[in-house]
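Several structures are given next for inspection.
One chain, chain A, appears in both complexes that follow, with chain B as partner in the first and chain C in the second.
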Partner chain A sequence: MTIRGCAAVVNVECVKLAAQIKARAALAVCAAGPFAFAAAMRVQSSLPEDTLFGRSVKESGFAVPLVVLGFAALWVFPLLASVVGGDVFSAEDRYGTWKMVLTRSRSRSEVFAGKVVTALAFSLLAVGVLAVSSMAAGVLLVGSQPLVNLSGVLLDPAQATTRIALAWVSILLPSLGLTATAALLSIGTRSSVVGIGVPVVVSLAMQLAALVDGPEAIRQLMISSAFGAWHGLLAEPPYYGPLIRGTAVSAAYFAICLAMAYRLLLRRDIAG
Partner chain B sequence: MERVALEALGVSKAYGTRDALCTVDLIARHGQLHGLLGPNGAGKTTLMRVLLGLVRRDAGTVRLLGRDLAAAAGAVPDGVAGLVEVPAFYPYLSGRRNLELLARLDGASRSLSRTRIAAALDQTGLGAQADLAVGGYSAGMRQRLGLASALLRSPRLVFLDEPTSTLDPGGARDVRALARRLADEGAAVVLSSHDMTEVDELCTAVTIINGGRVVFSGAVDDLRAHAPAMVHALRTSDDAAALAIAAHRPRLNVAANADGGLDVSADIDVLDAYVIALGYAGIAVRVLEHRSRSLESLFLELTAGGDRRTLAQPSAGADDDAADLEAAS
Partner chain C sequence: MNRPAILIRLRRALVVLAAIAASCCGSSPITAPRIEQAIETTFANLVHVQVGWLRMSPMDASEFRVTASCRKQLSGSDAGSGDWTCTVRWLGPDRQTLRDTFDLFVTTDGCYTATAAGESLGGPRLEMSDGSKVRNLLYAFDGCFDPT
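Moving on to the complex of A and B:
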């Protein structure tokens, strides 16, 4: 496997992604969605008070990215993580193009690496666009007033910006873990519906399961819990236990799913 | 003797308990069109997939242009190209864009790939449709695009899996001409087909497989030497009497056909004499039609039913072939 070979595959995957409506639509929604949300908040009288920082969306623009972060953890991040990862391998099955791709000068390892890198990069890009867009929407449409954190302490704009940035960074690894899960499903089932849909459904199911009584160890092994670990960053003093556990769980999902996916692709007979 | 471009020895592949390929040997040389013949389900496509690294082999070695092909997951060496069944492409991209992506996977520079793509599209007659989305292509156009994608690799060893199966007669003629030209330029072309006529016209060497096993491998001329006389279907006013007359004539085999009428196997001069004899005997010939070509007859004989006949192993020479044929007969 060579860097040049992987880069060639990434290049090809990027061209294919750029030609697909779903990728462009996902990025467009990430860019425009927070502005639509912030604009709606400005004109309506009621507030999303049952959401963390929901009651602050008219008082501080910094609350907007945190409300979006809390909402997106439910199904938007799983969807963004799997929209490319869950399709990047199974699309070759759908179109019957494996036999064309794997009879060129690239090894399966290079094809695997290139496709995974593309899917991971798309997930990061989508989360990044959503983060920047929601921050911009909050500051531009509501303002950069100080933010009251979860412990009732006022954070000045610089402190709020840092904490919000860290909160968004904390969901990158869980997103990559879900992308790896989607890639595994994409290879294993050869179905884009399963590759994209199952991570979303499983993530929702995990969040529901977290609400019921059950063994704490099981709860902590759920990747969905990592999407809420940023709460500790907005407390005073900050606490990092959930963040560390969430990061470890996400890293485990990432490594195990990619290892299994790689093995599946290497051993697979392309018979269709 | 030309240099060996493909050397596959003892290749085996099983799916569960079913042997798809059983110690198959296949050797193809530069400048040679090598036919890979067999009925549907004989294992031709599986063998092609194994040789291109798409399917893992259970046993055996494969050398492509002098390089060992790893049992699994290795890249196909430069200079090797292949089409397995009907080629597939990304339907939302144009034919040209699809070729550009494949050229990038080959590591070709943009300027080089542009030149090669234009030449390949020109050679395959797709230039006018190259900028249309592949989703709107016919099967024949996809086949041509597949050939263009193979040409991008400046192939010295090409695998073509039934490349004319989806083409109209004109397209099939173009593809055969292209295959012949590649061989004339020094490439080894392995052409899979279930059409003996196509292989007879194009190829100088042939490997026939049936039930995943090689039943003949060697020069087409050697195969031709083993071929029976031509087979004709005959209907007369009195088939029983015609059969009786045939019984006393040398170099003539006549047998009752299960569908009615007679099957006559003989060289043309013997057949002429037989027809005249029938006339003298007062037996009218109502139908006399060519049933199959001689090589086709042998092919059908070799691959018919569950009985597996073997003319020769790949390494055997013509003399060995003849001995094996006698033994098999």
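Moving on to the complex of A and C:
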């Protein structure tokens, strides 16, 4: 496997991805959604009080990216993470194109690496666009007033910006963990419906399961917990325990799922 | 694989299972002392911010001497997520002792929503001297604490 070979696969996958309506639509929603939300908050009287920082969306624009972060953890991040990862392999099954792909000059490992890198890059891009758009929507449409954090302390704009940026960075690895899960399902089942749908459904189920008191160790092993680990960054003093555990769990999902996906693809019988 | 190797692997597996079982069956990290400490700190900080918003003489958060007493609703247990009631005693800006009750919903990850019981603390919005209205930070607020 060579880097040049992987890059060639990434180039081809990016061209294919750029032509897909679903990828463009996902990025467009990520860019425009927060502005629509912030604009709606400005004109309506009710607030999203069931989400952390929902009470503050009219007082400080910095609350907007945090409300979006809290809301998106439910199903938006799992969907963004799997919309490409869950389809990038199974699409070749759907169109019957594996034989054409694998008879080119690129090895099976290079095809795997190129497709995975493309899926991971799309997940990072989608989360990044949503983060920047949320921050811009909050600051431009509501303002950059100080934000009351989760311990009742006022954060000035510079502090708020830093902590919000860290909070968004903290959900990158869980997102990549779900992308790896989606890629594994995409290869294992050869179905895009399973590859995209199951990570979303499983994430929702995990979050529902985390609502009730259960074994703490089980709750911490669920990747959905990692999407809420940023809460500690917005407390005073900040606490990092959930963040460290969430990062470790996400890294484990990422490594295990990718290793299993790689073995599955290498061993797959494409002929016929 | 020879017999001692199997036994070593079996023993390791049992140790891991025992560790998982011990951590699984431990009590919930959502306890009254943790909730009380979180409420005391957050409430004092919010009073400090609110005093500033209302353009009153600035006071340090520690001057409000907030103490909280929390118990779980509808349950004999003194730990776990769900509905809690907290009674908060504090010194108001005029140095008078005040007592307020909050209904809390605490989630398994250590985050909570506190809402003043009844219409105490002036309701959800406060009118300022110039007639404008501000959100009453003390009437309903969210917070999080480290559950570990």
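What to note about this one:
Assume the second predicted complex is superposed on the first by the 270 of 272 C-alpha atoms of A that agree within 3 Å, B and C clash if a C-alpha of one lies under 4 Å from a C-alpha of the other, contacts with A are read in each partner's own complex, and residues count from 1 in each chain.
Just so we're on the same page, a contact is a pair of C-beta atoms (placed from the backbone, for glycine too) under 8 Å apart; a residue touches a chain by one contact, two chains touch by 3 or more.
It should be emphasised that the depicted structure is a prediction, and the values quoted were computed from it without experimental measurement.
Look at A:Asp269: by the touch rule set out above, it reaches chain B but stays clear of chain C.
Touch criterion met: A:Leu52 reaches chain C, while chain B stays clear of it. By the touch criterion stated above, A:Asn11 is placed in contact with chain B alone, chain C being left untouched. Contacts of A:Ser151 after superposition: chain C is touched, whereas chain B is not reached. In the superposed model, A:Thr161 lies in contact with neither chain B nor chain C.
Applying the stated contact rule after C-alpha superposition, one finds that A:Pro215 touches chain C and leaves chain B untouched.
In the overlay built on the shared chain, the residue A:Glu110 is in contact with chain B alone; chain C does not reach it. No residue of chain A contacts both chain B in one complex and chain C in the other. Within the complex, the chain A residues that touch chain C are 49-50, 52-55, 59, 148, 150-154, 210-219, 225, 228, 231-232, 234-236, 239, 241-242. Chain A makes touch with chain B in their complex at residues 4-5, 8-9, 11-12, 15-16, 19-20, 95-110, 266-267, 269-271.
Taken in their complex, chain B has these residues touching chain A: 46, 49, 52-56, 72-78, 81-82, 84-85, 87-93, 97, 100-102, 104-107, 146, 149, 153.
Those residues of chain C that touch chain A in the shared complex are 20, 23-26, 28-30, 38, 41-46, 48-49, 80-82, 107-111, 113, 135, 137, 140-148.
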